[in-house]
Amino acid sequence: MPTPNDTAPWRHRLHTIIFESDTVAGKAFDIGLLVLILASISVVMLDSIARLHQSYSNEFFIMEWIFTGIFTLEYILRLVSVKRPLLYVTSVLGLIDLLSILPMYLSVFFVGAQSLLVLRALRLLRIFRIFKLTHFISEMNFLGTAIKSSLKKISIFMLAVLAIVIILGSLMYVVEGGQNGYTSIPASIYWAIVTITTVGYGDISPVTSLGKLIASVIMLLGYGIIAVPTGILTTEMAIAARTKSQHRDVCPSCGREGHDADAKFCKYCGEKL
Amino acid sequence: MPTPNDTAPWRHRLHTIIFESDTVAGKAFDIGLLVLILASISVVMLDSIARLHQSYSNEFFIMEWIFTGIFTLEYILRLVSVKRPLLYVTSVLGLIDLLSILPMYLSVFFVGAQSLLVLRALRLLRIFRIFKLTHFISEMNFLGTAIKSSLKKISIFMLAVLAIVIILGSLMYVVEGGQNGYTSIPASIYWAIVTITTVGYGDISPVTSLGKLIASVIMLLGYGIIAVPTGILTTEMAIAARTKSQHRDVCPSCGREGHDADAKFCKYCGEKL
Amino acid sequence: MPTPNDTAPWRHRLHTIIFESDTVAGKAFDIGLLVLILASISVVMLDSIARLHQSYSNEFFIMEWIFTGIFTLEYILRLVSVKRPLLYVTSVLGLIDLLSILPMYLSVFFVGAQSLLVLRALRLLRIFRIFKLTHFISEMNFLGTAIKSSLKKISIFMLAVLAIVIILGSLMYVVEGGQNGYTSIPASIYWAIVTITTVGYGDISPVTSLGKLIASVIMLLGYGIIAVPTGILTTEMAIAARTKSQHRDVCPSCGREGHDADAKFCKYCGEKL
Amino acid sequence: MPTPNDTAPWRHRLHTIIFESDTVAGKAFDIGLLVLILASISVVMLDSIARLHQSYSNEFFIMEWIFTGIFTLEYILRLVSVKRPLLYVTSVLGLIDLLSILPMYLSVFFVGAQSLLVLRALRLLRIFRIFKLTHFISEMNFLGTAIKSSLKKISIFMLAVLAIVIILGSLMYVVEGGQNGYTSIPASIYWAIVTITTVGYGDISPVTSLGKLIASVIMLLGYGIIAVPTGILTTEMAIAARTKSQHRDVCPSCGREGHDADAKFCKYCGEKL
């Protein structure tokens, strides 16, 4: 985000309030926004409960329009206060902001579109912005790095799981057949995923002895398989943690490294780092 | 807890018995207390079983009042024996002690309040007090440190899970609708939590093909997500374990500790260890 | 795979296209193949859905024969282009390739054999071939090494789980009996596996109080047990990761590698690195 | 086990065959025994299936007596061949051996006691004996050490889980009540265990909105809690692995340690270890 030094003072000030949170006004704005988001999501949720919808349908409708109005105003203010609006509109946060107001306007034309208003929940991610000043960000970076470098390994693993699940699902389709709930191969694959992830709804479950035997093998397999993503992520986190905790500095005297981040003297020869 | 040097000897002695467990009398008191707590919880539990309630309702009632009487006496003794009673009353353990007798007195006015007597289970945490003398405490400290430093990271992660669950729940509400059990957005969010935590009751489960597809994605997602808290905690524990295994030596020059096991010089002041 | 230097040029070229993926033609061939595999699996899946089968039975049948024809042609080309066809036929990938076309030919004689066509899903593992040029392979090696060295430990653990599950299953058979769903010892063992792996379908669940108590113990046991494979795999991964991060340097004197990052002298022959 | 040097040669030979597995005869004996154990367990299992019981009741009965006869003979041989029979009888393996033949004799007096014959599954643990010569034992030791040192920490954790589960179960009993399946506090605690271990049978599940909310919190809590035993065990395993992989030798020249197990020269100064 460019710092708008050469813009009008009011625009600069607006930018500070809306986009930053290190001033009192900025923090107040962010917290107010969060409260509004939470209130708005609550209204959408309550409106989906049939009993409440019957009694307070109108009140919910009006409140939702008020929230949408406020968020639309906020969106316009954001557009106005940034130097390069297009960059904001196409950014992830910008798209989320747009997605959180669009469904209400769409609901004028398409009935039911307002259910998508819960996309506003994504805006809750702004909560991390408020804590920017604390060391929350470094924690997140730490987590982020580990998850990012795990993602490729986990994707490969997920591909293998998918292949296993397709084959096991088909096998169960052949073994159990439609009369036991395994009505089609996709349904059987759905069952295999339910089983291997240890969710186990029980809406479909094996009936024949052979089916139960195969299911048992799948479950024990899933037992070992569930260890893989955990192992990958933990290893990556351990690496990230070790890297973070280590000084990259080399001792000028003995040339050895591996000093702690808070070390001021070489732990091997006692020389100043 | 202040050591009551300047108090009456009987009060000092009472304090030693009730609050400490490194004397024979103190240990006997603690073990007796634990037995009473377990017995009291058992009575509440048994009383909740309809068949037993019909036959032994009166016996249970009398026993519960006896237990409450004993615990009330114990509470008063605690109040008397500590130097600063208010500090004890507002402490966590003090509040738990109060909570374990209050419901019975409340049950005189409010029917059913005695069900809350199981709050006495919290008093079982006193069990750790008895083992204070052994190295249990250091184990707990180890666990505690790791859990404490994980908590912030896991909270951030839980916030993200909550946002995911709200959005996925709402999505399923739109896709499946009320006739398939997804009667409202909160109910759908409940389902999403049941699914992503791999609990999978099966009281609500997807019926439509699209719903099953989305559910499959959620389950595979949950597969990866479940790895995150485990990864965080394991990493923190590994760090705590490594720290514990480190040199406990204090630098003779600057008095700081936390040196690596292979350190020959203080990393803070460069003095020879 | 032998490099066919001394074969006819067209055969060499064919081998390059079909078996390798570092040329443009080879990569195009592999991607085309993957698309065909996915399309073929999709047809088998869709054909298993009763509603679609009724309407498009013939179309699916024809498409499946076309796919089988193409895969048969591909199989013949592979046989022709390799120097030692027998080695290919008996290799894992060769067997998978054969298994992916055989069911269709068998379906002429045995009704229903075409359900096994989903074995083609195994061919999806070829996807890793395409990424051979990137560093995917090193990631896989890393995972492979860890899984391989974990396998023995996890097998021992699985044996212990099996013994536990047989005994607990039989116990529940005695406690709950046939009228509560535990109709036989194998069925009870199936239930024990469903429980200890935390799948929990709920098709069989304890009814008696004693059964519920035993089930609770099994669940809490499973809670600790699930930690074992994860612990094993994570440890192996951490070791593999550490090994990977070690010095890749080869000793100039004895030619062996695997030295620690901080090693200054070869640990095998004592020569300076 | 004492080596019976001073006993009769036939007794020594018997001991070698029955108790050891490093001779051909000893290994053959062990494998034969395993096959018998597996066959015997299979018969008990098959006998429990109502359909098979009706047809082959007599055959199963006779086979079970034959197996019991063989195992009784084996037990006597074991008693005869060891120097101190009482030590064997009271050892864990000795008790298991006795437990595997006793139920059949008891079944003469108590109907149904033969169901306990599956206790023979415990004898399968003898399988590890056969692999004694390989490095399986060291793997097991490794696992054993880690599990042993984790057990105390996991027990503390289990106590905390138990306290949580008692309180949450009672809370749900108050909130949901008997008409929704939470018929008593023990039943509600059973439900809480089913939920927090992520098994989730669905035989009891929350019906009221408040109940669903509390259940959601429990599930998310269980999400974090499941990480604890995994974290503990993984950390212990990592410590055990690190300890095992490190030479305890100190370099005679520079006095530093931490050398790999296969190191022949000090990696710091190049001196021979």
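Letters are used for the chains, namely A, B, C and D, taken in the order the chains are written, and counting of residues starts over at 1 for each.
Simple rule for what comes next: contacts are C-beta pairs under 8 Å (C-beta built on N, C-alpha and C of every residue); 3 or more make two chains touch, one makes a residue touch a chain.
Nothing here was measured: the structure is a model prediction, and the numbers come from that model.
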* Asked: Greatest Cα-centroid separation from chain D: which chain?
  -> A
* Where chain A and chain B touch, do the two copies share over half of their residue numbers, giving same, or under half, giving different? -> different
* **Chain pair equivalent in interface to A-C, over half of contacts matched, among C-D, A-D or B-C** => C-D
* Structure fact -> The chain pair with the larger count of contacting C-beta pairs, comparing B-D against B-C, is B-D
* Asked: Which integer distance in Å separates the CA centroid of chain B from that of chain D?
  -> 29
* Taking each chain's centre as its mean C-alpha position, how far apart are chain B and chain C in Å? -> 41
* Asked: Which chain B residues reach two or more other chains?
  -> 186, 189, 198-202, 226, 230, 232, 234, 238, 262
* chain A contact footprint on chain B (complex, rising order) -> 152-153, 156-157, 159-160, 162-163, 166-167, 170, 173-174, 178, 183-186, 189, 195, 198-202, 205, 209, 212-213, 215-216, 219-220, 222-224, 226-228, 230-232, 234-235, 238-239, 259-260, 262-272
* Complex interface listing, chain A residues touching chain D -> 198-202, 230, 234
* **Contact footprint of chain C on chain D as seen in their complex** => 41, 44-45, 48-50, 112, 115-116, 118-119, 121-122, 124-125, 127-128, 136, 139-140, 142-143, 146-147, 154, 158, 161, 186-187, 189-190, 193-194, 197-203, 226, 229-230, 232-234, 236-238, 241, 245, 259-260, 262-272
